[in-house]
Amino acid sequence: MAATEFAPWEDPQAKPLICFRNVTKRFGEFTAIDNVSLDIYAQEFFALLGPSGCGKTTMMRMLAGFENVTEGIIELDGADVGDVPPNKRAVNMMFQSYALFPHLTVWENIAFGLRRAKIPADDLTNRVEEMLKLTRLERFASRKPHQISGGQRQRVALARSLAKAPKLLLLDEPLGALDKKLRQETQFELMDIQEKTGTTFVIVTHDQEEAMTVASRVAVMDEGNLMQVATPDRIYETPNSVYVADFIGDVNLFKGTAKPVGEDQYQINWVESLPPLNATSSLPLNDGQSCHLAIRPEKVAINAEKPDDAVNAVQGKVVDIAYLGNLSTYYVELPDGTVIKAQTANTRRISRRSFTWEDPVWLSWTATAGVLLDS
Amino acid sequence: MMRLSWFNVVSLTFGFVFLYLPMIILVIYSFNKSKLVTVWAGFSTKWYGELLQNEAFLNAAWVTLKVAVISSTFATILGTMAAYVLVRSGRFFGRTLFSGMIYAPLVMPEVITGLSLLLLFIGIGMDRGVMTVVLAHTTFSMCYVSVVVSSRLFTFDQSLEEAALDLGCSPAQAFRLVTLPIIAPAVISGWLLAFTLSLDDLVIATFTTGPSATTLPIKIYSAVRLGVSPEINALSTLMIAVVTVGVILASLASKRNVAKMRQEEIAAVRAE
Amino acid sequence: MRRFFLIAVPFVWLLVLFLVPFLIVLKISLSDAALARPPYTPHFEWAEGIWAFFSQLDFENFVFLTSDSLYWKAYLSSLQIAVISTFLTLLIGYPIAYGMARAPEEWRPTLMMLVILPFWTSFLIRVYAWMGILSKEGLLNQFLLWSGIINEPLVILNTNTAVYIGIVYTYLPFMILPIYAALDRMDGSLIEAAEDLGCSRLTAFWLVTVPLSRNGIIAGCFLVFIPAMGEFVIPSLLGGSRTLMIGKVLWEEFFSNRDWPVASAVAVVLLLILIVPIMLFQRNQQKQAEAEQ
């Protein structure tokens, strides 16, 4: 199993394709990127995720060569690319607006980069045809960008940026302009194309679901810093900070003080009138150190009776129910006023829903369900 | 949708009658048989015939055309460069002065521009003629071109240029292969604007020209100062006709293009 | 390097052919008139240095401008004519722009073209068109006599009234276009919101539409006022011998009297009068350009 898994970042021998070394970028007084170091490996599908203004786009534009680095070094394949202009980099970019040339046909758009590279006519034609086939655009080759739909434009942009077979493809919010249904289909198409071509993809997105779906690794960014770089499941299951836990998915956060009660076992005192919470964590916390316990709503069970074997159980009443079709989220208010979210899958029809407004319920979760974070 | 009130209808009607009636009258009276321009004496095209015999007018027209073509071409090149500098070059030393010199000629009284250019030409000992008029016209019409082109550049998606660089273009290639074709309509209308400004100009041309180069407006002005004449009416009608046909054709063409593009866009979305 | 070239070419062009000429005008305005070619004697040389420059400044021509009532009367009268005709143009232009903005969408490009078309037509011809209409035997008098409104032909041509008509007529598109652009950008639901909140149509117009078209009004007024101030063709063709406008005075000073230093001084003072409105206009344009960006 371990042999087939793609995880070069765990291999100390692997050489990264891209290497940010203590990179800082300032625009005047404003620090967009603050001393970031990051390795990205060949054939990765790497996502830069964060809210707008977090610096993810600046990271990408520095890779493409549109922004200079203020301090630090960016290496591509072992060579410093600091002084290489965008037109001399083996990096291509797919723009958020697609930036298709409106005066050129689909075919000419895809051929544009190849022509600049002075590729012989036959090879050029073959390569364009290959790209058209890869992105299923053969029928639209002679159309202008305004004569095709949004989804097709997105594929033209992808084909154009892949045509020169770059070492690295940068994708700036590639699916942002598509509606939700098309976006989901296109996500898988992107992954498929990435796999087929073996190109390294770096995608910038603010959509966590998109990042989690397509990426081999995700970097969560905030205010010019990398908060956490890990695989999607690690990011979700073991966030390393309150920020990441809160940014990715839904979460219940309990603020309290830790008390070690055994090896990797802690009790968290959080509200005086309520019993302490039990959690397992390898985090070394001192007695009385303040911390957060983060628990995903789907890991909180909701029952009418107190479960006998529960390590953590609190009673409250249902104040709100968000019905999402496949799931329902219950908002349960505890006696002290705290509201906890609990999520259950709707395997039964709605008319037979177990709980309704004002119902007294018990919430419970295991010691390993939550993640302990020091604050 | 808002409806036109009677007030809107009246003001539009009045406004357009006011704008067009004088020119319509001018056109009608160019076909008047009588030499007395205010008395209608029957239909005739004899003034057009006489106009075509008048060598002084024809010469002046030729000089004007030459000046207009050369100066508007230079103005388009310089104005497009200036627009690019204004929109894209960010901060540089003298930027405020630069944008000031772009906008000021638009509103500068022509007598001042004309006088100052004349004094410059005399100061550097340049013989006045076609050359000096071309320089003068290039200078003031390049500012109009740069305003037209820069307003197009403001709405230009900069990522198109970045995409061209990203795909291997040098900055000059990116401009030639991507930016220029896309802003071409604005550059062309800038050229047309510069061309008509040059055709129309009386004051600056009077100051900067010499005896060898009399332009059409100078000729018309000296004729008109003596009063209304049917020959000038005929000449005016010809000029109005050329402009009207040109503007209508241009706007129809651009309207057709826009309509076609919109239709194709709708078709593309439907086909999805 | 390429960027330097791109900036330098238009920059140097404008410096040499726009800014330097003004400095020359300034220099000559400080010289004495002479019966020579060129008809002035320079009063100082640049090479003599700053001190010499200041010690030899000769404001004689400017003193002359204040001593002869012709000049300050011409400035005042130009100012009056420019202000009144700007106001009249606004009064006529605003309703037209407003009507255009409220017209059905499919009409608007045509209406726009109709406003722009006269702008492409020769200025001289458009002024000339009024000569035949306003003269004593002109069409306007013929019409008024025929309809019995007047018994004696009115004298309009070669009076200030004709100048007002000429300015309003030729500059009307400059007023309409920026106001129309501002009104066209306005969100129609704003008026509906104002009416929903209890405004009558008139108060909604006054409290919402007019303030939102303010930038267009300002731009339009400057575009009319500034060139009208220095107008030459209109007063020369439509105005009479009693119509005093500074553009005409400058022209005559230069071409008839051949007094270059005084003509230059007239230009310098005109520019001083216009520098404030020109700078305000530029600020307005820049603000708008930035807002659009």
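Order of writing sets the labels: A, B and C. Residues in every chain begin at 1.
Please note the rule applied: a contact is a pair of C-beta atoms (placed from the backbone, for glycine too) under 8 Å apart; a residue touches a chain by one contact, two chains touch by 3 or more.
Not measured: the values here are computed from a predicted model.
> Please find the two chains that have the most C-beta pairs touching each other.
Chains joined by the most C-beta contact pairs: B-C.
> Taking all protein C-alpha atoms shown, work out their mean, then name the chain whose own C-alpha mean is nearest to it.
Located nearest the centre of all protein C-alpha atoms is chain B.
> Just the number, please: Cα centre separation of subunit B and subunit C in whole Å.
18
> Determine the centre-to-centre distance between subunit A and subunit C, using the mean Cα coordinates as centres, and give it in whole Å.
Whole-Å distance between the two chain centres: 59.
> Please tell me the distance, in whole Å, between the geometric centres of subunit A and subunit B computed from their C-alpha atoms.
So the centre of subunit A lies 54 Å away from the centre of subunit B.
> Could you please specify the touching residues of subunit A with respect to subunit B in the complex?
It is residues 64-66, 85-88, 91-93, 95-97, 99, 101-103, 112-113, 116-117, 143-144, 146-152, 160-161, 164 of subunit A that touch subunit B.
> Which residues of subunit B touch subunit C in the complex?
Residue list for subunit B touching subunit C: 1-5, 7-9, 11-12, 15-16, 18-20, 22-23, 25-26, 29, 37-39, 78-79, 81-82, 84-85, 89, 92, 94, 97-105, 107-112, 115-117, 119-120, 122-123, 135-136, 138-139, 142, 146, 150-151, 154-155, 171-172, 196, 199-200, 202-203, 207, 217, 220-221, 224-225, 227-228, 232-233, 236, 239-240, 243-244, 246-248, 251, 255.
> Provide the residue numbers of subunit B that touch subunit A in the complex, in ascending order.
Per the touch definition, subunit B meets subunit A at residues 157, 159-160, 162-170, 173, 177-178, 181-182, 261, 264-265, 267-269, 271-272.
> Flag every residue of subunit C that touches subunit B in the complex, lowest number first.
By the definition above, subunit C touches subunit B via 2-3, 6-7, 9-11, 13-15, 17-22, 24-25, 28, 38, 92-93, 95-96, 98-100, 102-105, 109, 111, 113-118, 120-126, 128-133, 135, 137-139, 142, 169, 172-173, 176, 188, 191, 222-223, 226-227, 229-233, 236-237, 247, 250-251, 254, 260, 263-264, 267, 270-271, 274, 278, 281-282, 285-286, 289, 292-293.
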